[in-house]
């Protein structure tokens, strides 16, 4: 809360655009404008002279900046369109990716995302799969490992599918596959008939899927389990018994609202029992 | 029905928490907001201004009926539900005002052929209802993560027979007023997104009200920012 | 919108869990979810939360003439609405089977059980009686709507106060709350519904099913009962065969649950009454949990409006020049638009001149991006006054504007015709302004 006052005061002073670097990790709101690092440089008439001499000053090194979710380019600035914390990831060339980490529930398909879908219909050569987006995704029966025209995969309406988007944009029907580029399943396909499916927010899924996520390691120590995370906010989990599965599901759901300390306490208490 | 709503307001003014007259009228009542309080909608917010309270739920970008599909942008729908009885003309009017305001700030082109539905439920009306609806809508849209180019807020002000200006009026003040003006303002440049008025007033008075609403909007936007900062304080 | 389908694996897991006497939210078979009751500032207004299921109740009253066959009885009217807010699959304005079933059940539970003394609602026999209307709105659907709705209905009825009346000869006098304290309804007993879900042809039973459990259940038994253990109504649906023992056992459980809930309701009502009497704070603002990070409150905020007059004068002074060049009519072009086009005030031609001002302000704010507003808040505009997105040249972003224009065109035309009817100098002024903008 301490950051609240100065930020608000600044934005009302009329100087709306802030340097993106200074607000990293802070909460940004729709309508905020951000300046990219290159524009922070004193590029006025005096600024150029103070720069270190380059070999070929004519070609300025262009920085590639990627606008992630919640940000749009407008002119030479970034416009925030969603509420959340501003995040940044460096890339080699110095620009990197900026995005807004928001806690939203509704999924919008993105190419390359791995999701859990529910088969809602079989029509001819394709399955219709509900992924929680604005329209069902299509999934060809040939997009499974080892599937041929003769050898169709055994998929029923109501089954769970773990797959990847190959087509996902705002103007087209999203399309899923359950094979990678080499034709291998690579973990994708129909999910087993047992286990429990539940929904969490997209923010929590991203947190859980982060490479250095402690929650997953801690959960793994509790019970032996099988778990699948879909970027669309769905989690499928299966442990030895119903009881254990329920405990795991409830813990993961609760992670949304817990701080690290609270979580550690609960995990240690569970490990004792 | 007409009668019933009238008694309601009377009951309220007598028993309400509004403690005495509010200075020279230039203050906002206490504000409160709770986000994400409903589990089913994609975004929800309950907004309170004094004793006026509105609950908003947002679904979107979700599937759209073929008949309402727009090929290059999202279909924006606003449903306003009164507390007593069925929705009538007054609700339809407000729905449209709110929808038009949203349309100006929501980046619907990012989600073509989808629907963004805002459902508003009046929980209690103690004045400045439309402004409260607008504020609840904005907070619910933010909660749902619908892309917007700016935030917006609603501010109501009234002019009484002496020309005195009252911001965020109660139901009683609205009833006694000569003119009631409601403005929707955006957060980036405080520009006017929507205005609707009732009663007689002069050109100069209109601009006075607008300027007062802009001053009030700063407080509302600060309230937005602080409550959202609190909301994301654990992530 | 469609409901998210239930996958086979969820169905199987739920049924297996029920066989093992486990529930998703950790409850036992006979456990009820937490009930939370909060009151609004109006009499007869409450929100009941049953777990995540939420119902808003509001009671209102009206003097009407009674039904012919019941000249001395007041009228009770119940209306439950399934708002789309509660679940995406609920469509506005549609009388679904579920809605009809729920409304019917509520009527049987509350009206037919004679829990409200309708004769006390009579003012003049055969001429004037009170009609009590109970509006219930489902705000969030997480199963067991009927229990939450029946609690909300009875709580709202208990909380309600109707205005006092007196009859002198033929004259009926209605007293405002200031003149005489409003009077509560006379309520004989409080019927409350308790739902039981049956699975596997009645082998397994759960109290207070949540939404996912409702989706896999075979049958539902609803028992409405009051705290004296009198059954007010009973309904079994889903077509399962129940044994006598099962129904008896359910009614025993219902008795326990009803006693608990009644106690809770009475406590909540007493609490609210106490706070009102003592002049403390009440209403929904008080029921928002302060410790939640999703909730935030702000106290009264004073606003400095002392410079408003000068500001307005300044703006008007600046806006004057274009208004003076009145005599040059420009062809009416589309593109003048408005957002709050004032459907409400279109009937008042008297206010035309003021209306125009705001319309001017509107269209500038939204469409004419790069022009400084003549009418609006000039003082606030910094040097970056072009709304950002519009200035980008990407195709989709241009599109944002276009659909906006069409409806606006139509509306401007209606404004146009109106103005022709009531000739004033205003339209010209507006055109001028627009031209200056373009």
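For clarity, chains are labelled A, B and C in written order, and residue numbers in each chain start from 1.
Keep this in mind: contacts are C-beta pairs under 8 Å (C-beta built on N, C-alpha and C of every residue); 3 or more make two chains touch, one makes a residue touch a chain.
The chain lineup, named per UniProt: A = Exosome complex component RRP40; B = Exosome complex component RRP46; C = Exosome complex component RRP45.
Keep in mind it's a predicted model, so treat the numbers as computed, not measured.
Interface comparison, A-C versus B-C: the higher count of C-beta contacts falls to B-C.
Summarising the inter-chain layout, the chain whose CA centre lies farthest from the centre of chain C is A.
One simple way to say how far apart two chains are is to compare their mean CA positions; for chain A and chain B this gives 32 Å.
One inter-chain figure worth recording: chain A and chain C are separated by 34 Å, centre to centre, where each centre is the mean of the chain's CA atoms.
With centres taken as mean Cα positions, chain C sits 14 Å from chain B. Shared interface positions of chain B, defined as residues touching 2 or more other chains, are 36, 59, 62-63, 107, 110, 115, 149-150, 186, 188, 226, 230-231, 233-234. Shared interface positions of chain A, i.e. residues touching 2 or more other chains, are given as 16, 72, 79. Shared contact sites, meaning residues of chain C that touch two or more other chains, fall at 380, 382, 388-389.
On the chain A side of its complex with chain C, the touching residues are 14, 16-17, 33, 72-75, 77, 79, 118, 120, 130, 132, 156, 158-160, 191-197, 236, 242-243, 245-246, 249-250. Interface residues of chain B, counted against chain C in their complex, comprise 1, 3-5, 7-8, 10-12, 14-17, 22-23, 26-41, 44, 46, 48, 51, 53, 55, 57, 59, 62-63, 70, 72-73, 79, 81, 83-85, 93, 96-97, 100-101, 103-104, 107-110, 115, 117, 119, 121, 123-124, 126, 149-150, 165, 167, 182, 184, 186, 188-198, 200-208, 210-212, 214-216, 219, 223, 226-227, 230-231, 233-234. On chain A, the positions that touch chain B within their shared complex are 1, 3-4, 7-8, 11-12, 16, 27, 29-31, 70, 72, 79, 81-85, 101-106, 108, 133-135, 170-171, 203, 257, 259. In the complex of the two chains, the chain B residues touching chain A come out as 36, 42-43, 59-64, 105, 107, 110-115, 142, 144-145, 147-151, 186-188, 218, 221-222, 224-226, 228-235. Residues 1-2, 40-43, 45, 47, 52, 54, 56, 58, 60-63, 81, 83-88, 92, 133, 135, 137, 139-142, 161, 163, 176-178, 182, 276, 281-285, 288-289, 292-305, 307-309, 311-313, 315-316, 339-345, 350-351, 353-355, 357-358, 361-362, 364-366, 373, 375-377, 380-382, 385, 387-389, 396-397, 399-400, 403-404 of chain C touch chain B in their complex.
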